[in-house]
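For reference, the structure is listed below as structure tokens.
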Amino acid sequence: MSSNYRNFRNNVPWLILFLEAVFIVLFLFSKDYSSRTSISYPAFQDVNHMVIFGFGFFLTFLKRYGFSSTGFNLLIVVLGVQCSMLVENLLDFLLQRYMDCGLKRITKATVSTTAVVISTGAVLGKANPVQLILMTVVEIIFFHISRWINHTFLQIPDSIGMMHVHMFGAYFGLAVSSRFSEPSPRSEKNASTSKSDLLSVLGILFLWVFWPSFNSVLATDKHKAIYNTYFALAVSAVTACILSVLTTKDGKFRMSDIRSAVLAGGVTVGYASHSIKYPWIAMILGLLASAITILGSYCSQRCLNPALKIHDTSGVHYTFGLPGVLGALAHVVLLVIENWTNLPRLGSLALIYVGAFCLTISVALLTGLITGLILNLKLFKTTTVSKYFDDQFYWEFPHLAVGF
Amino acid sequence: MSSNYRNFRNNVPWLILFLEAVFIVLFLFSKDYSSRTSISYPAFQDVNHMVIFGFGFFLTFLKRYGFSSTGFNLLIVVLGVQCSMLVENLLDFLLQRYMDCGLKRITKATVSTTAVVISTGAVLGKANPVQLILMTVVEIIFFHISRWINHTFLQIPDSIGMMHVHMFGAYFGLAVSSRFSEPSPRSEKNASTSKSDLLSVLGILFLWVFWPSFNSVLATDKHKAIYNTYFALAVSAVTACILSVLTTKDGKFRMSDIRSAVLAGGVTVGYASHSIKYPWIAMILGLLASAITILGSYCSQRCLNPALKIHDTSGVHYTFGLPGVLGALAHVVLLVIENWTNLPRLGSLALIYVGAFCLTISVALLTGLITGLILNLKLFKTTTVSKYFDDQFYWEFPHLAVGF
Amino acid sequence: MSSNYRNFRNNVPWLILFLEAVFIVLFLFSKDYSSRTSISYPAFQDVNHMVIFGFGFFLTFLKRYGFSSTGFNLLIVVLGVQCSMLVENLLDFLLQRYMDCGLKRITKATVSTTAVVISTGAVLGKANPVQLILMTVVEIIFFHISRWINHTFLQIPDSIGMMHVHMFGAYFGLAVSSRFSEPSPRSEKNASTSKSDLLSVLGILFLWVFWPSFNSVLATDKHKAIYNTYFALAVSAVTACILSVLTTKDGKFRMSDIRSAVLAGGVTVGYASHSIKYPWIAMILGLLASAITILGSYCSQRCLNPALKIHDTSGVHYTFGLPGVLGALAHVVLLVIENWTNLPRLGSLALIYVGAFCLTISVALLTGLITGLILNLKLFKTTTVSKYFDDQFYWEFPHLAVGF
């Protein structure tokens, strides 16, 4: 089977090269970008930094998978951003829409690519680069289609539609992951050491600090979005610590809980961050988000995943999926409270937001499942279970004997 | 004694939860924040980044205390910022003061929390999370009171009063630390490895790069503050290298010296950075700051600390305390030189600045001592000396056997 | 020989102190800086962050040289920036030129210092601190002279002349390195471990994310520069992965290839980033840059370096030199294509840009060679080949026995 991959490997670079060549040719046909921009460079930079650096190191918790976590993340993000821009261009062209300027287009593409990065977390260590790249292209296309349906048929504003990115990424990733063979439960490679966990903390803190940028980059009222996201994150961090101590046997902190729950507030508050009027609402959302994450983590690992035979390497279900669902619902509840005097508007608002939410999850699960099936055709499925979670299968180590 | 903590631990999360609930309830009563802001988001982001990420990794030099250094730092900062905002709101309400807008309030709260982060450095590895959290709340309150006295009775502008944060944090931390049992001098956990030192370098370089943001965020003439801080830091870095070589036995560099002295210039120049007219003055301050730090480090470790029975884990006395004192004095000297033609004004200026300095130090030492006494009541004192500096006492390690 | 260094070491700090004192005295004579600035603080901050933090960790790939890589990098950068500002001040004074304001001057000085940081990569682990500091001062002076000749006699705009920094740094470094004794090919210290490589990935990702800031900081059309640099970097990253797989024996990724090639697009597109009209041109440049880097890496290591007896520790020749050359030539080609209707202007344009390119390389090689000769006088040459690539020769390790 290993030789299977070796034969296969000879085609890998040609596949990527072909993809990149197609991208370059397609960019030939894209319209000129204006140099005026409605997004500031630091705002784009923050999002770019989060996706490349923050998520790259967020995923380094596996003890033997640091190179792949950071390296493949870079590869996927740059391909995803290019692909996302081309799909957006195509949609703009087909629908004769107004076109965003340069920087705004890259920023939106980078935010969309977050879906892929999150999905990667579910198949981390199990998918080979070709599978990851195929997944990237397919997921980006379907995420754009889902956003387009939301925008066109349900009149969801784009800044809200974009926030479905966490939920879409998580459920797409879970559906893909359900088609992969499960790793052996005794696999000693599917674990972290304190060194790799500390590198992962580096990524977590990075994401934590920059999350207000993520929520505000496309928001209309940026200052409110930043302010509310900060408070949601702050309470999330505190709640993560509390619940981590409460759920462990002898009252210790557990790093994996904190990794999942510390960002939950930011994900949850994403939908409504620009419209929440008082910080205490954001704080309560942060508290609930963190609680649902730790609870979800407990349930997923003990009941749900074994029952559904889903292996979710970095726990994207409870890290991004559940807080996303909570955020979408909380957004509807907040809208209901705000518009309760205007019943007809209230009904239609609630309906379309719940509709958008259901649609996004359904599209994610369905297309994820199909993608998972395709990726596990014999053609692509080359990584045996024994080679899961291992850098050495993909990377050359001239220094193997020394200090690994 | 360990079982003592286990019993105690069951109450830890409820304590934090109670505190967080109180914070949320108090935020219910805080006035609405305007969305207009006088501080730019990147400026706030830089300070936030420094405190969460920079200081988090700055403190990872202990070889077995990386999780606690970064994790507890996050917990303390988010609680400290919320507490600081509430105290500020209360003072605004009581004194019928004008209220800052949202972002500026978080930024000021983050800068105030630096005091707590610095104090943490003195008791790093010795205080348990509950002690740290209690210390956070108490210190934030007293720092605000000290600033308020300075502002109201001595007419110190708030941007200067805020710069006492390093000095206050250092001396409060030292006073608290003096009440903790000293670790065994042969403790092998109270040491760094080259790996943990390298992670600490990451934090140092981060803080070094962002220090101009810290000094300029509340300054009136931001560009001058940035310019002068950069030069003071540059000369500090050079001087740290020089003196490190001069003070070691065989002329080698010592990382702990560089860790302490490289930031000294930034701390010292903080008070006067917006008013220094020529870069060479900032450069000389940087040189003196670095020199006083290395000298202070030599004296503290050999004479002062053993005599006073104070154990200062990350050397906050010479890293932040002494450069802060030097900066406060240098600020007075610069004011004297500037106003020497106007004798009456000169006298009163010198008097109030020296008064503010003495007051801040006294409040820090006194309240720190009391806090230290309270924290070492039998109720809270649960970490035995043998469990100092050890992540395993607070964190679950499912991967204990592997590669720790 | 080791005692040779010990004797020598006693003079090291005095040398640096003397240098720093000279700098401070010279700053006494520099004119006042205006507080108005034409460069924003975040732009300066990004470049500063890249040089101190990004390059510092970029160079940590050697397994026993992490302290020196990051520590000496900081020392060199701060000395280089001060030296560069003084040389610029002197030139401004001698030529009665208009003077930039404060922040712009530090920014330009930081960009110039990149040349030194790149050169350091070539002699990494072989040069001692004194050699590095001397090299810094000499290289900064010659780089300014080269830029001044380009600007005065060839009318090259300063934003283009500044982009020669990569090429100048690389060839200066190579020339210096050719005068150092080669390390033993079996030296086990001249290698990386997966841990040190992962820290280096941290630096690489940092540089990758911030490279658009570097190319845009002095550009006239900042948004175009950012946009084009992003695409060149994206395609570079993809191409680096492709070619890395193609050139290894069994189709695996190689981290050292990715380290060299991932930034190549940013270096190459630097000259023309503000004037490229369509992103696909930047993408093709990124592809070519990455290809030339991997090809260059293959040729250098196998043919060129052994023949010329040059040892290039971090491969600056193909990482920064070749992409720089490609960029300079591509810039000329793009100018030719743009101006092909205006033949006389075309001829003169091509001539001066090719002239500037040849001049810069010649100055770099010649002055580098001379510097290399001087640095290897018996006076300075104190590091024996057996002590190459070793932190322990320069740093005190109190924790030697534990976990190194």
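Order of writing sets the chain letters: A, B and C. Residues in each chain are counted from 1.
Please note the rule applied: contacts are C-beta pairs under 8 Å (C-beta built on N, C-alpha and C of every residue); 3 or more make two chains touch, one makes a residue touch a chain.
The structure displayed is predicted, hence computed values, not measured ones.
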Classification of the chain A:chain B interface as same or different, half of numbers criterion: different
When chain B is superposed on chain C by its C-alpha atoms, the rotation angle in degrees, nearest 5: 120
Between chain B and chain A, distance of the C-alpha-averaged centres to the nearest whole Å: 35
Shared interface positions of chain C, touching two or more other chains: 42, 195, 202
Residues of chain B touching chain C in the complex: 42, 46, 63, 188, 191-195, 197-198, 201-202, 205-206, 208-210, 212-213, 216, 221-224, 226-227, 230-231, 233-235, 237-239, 241-243, 245-246, 248, 250-255, 258, 262, 277-280, 283-284, 287
Contacting residues of chain C [partner chain B, same complex]: 6, 9-10, 12-13, 16-17, 20, 23-25, 27-28, 30, 32-33, 35-37, 41-42, 44-45, 48-49, 52-53, 56-57, 60, 66-67, 70-71, 74-75, 78-79, 81-82, 102-103, 106, 129, 195, 199, 202, 391, 394-399, 402-404
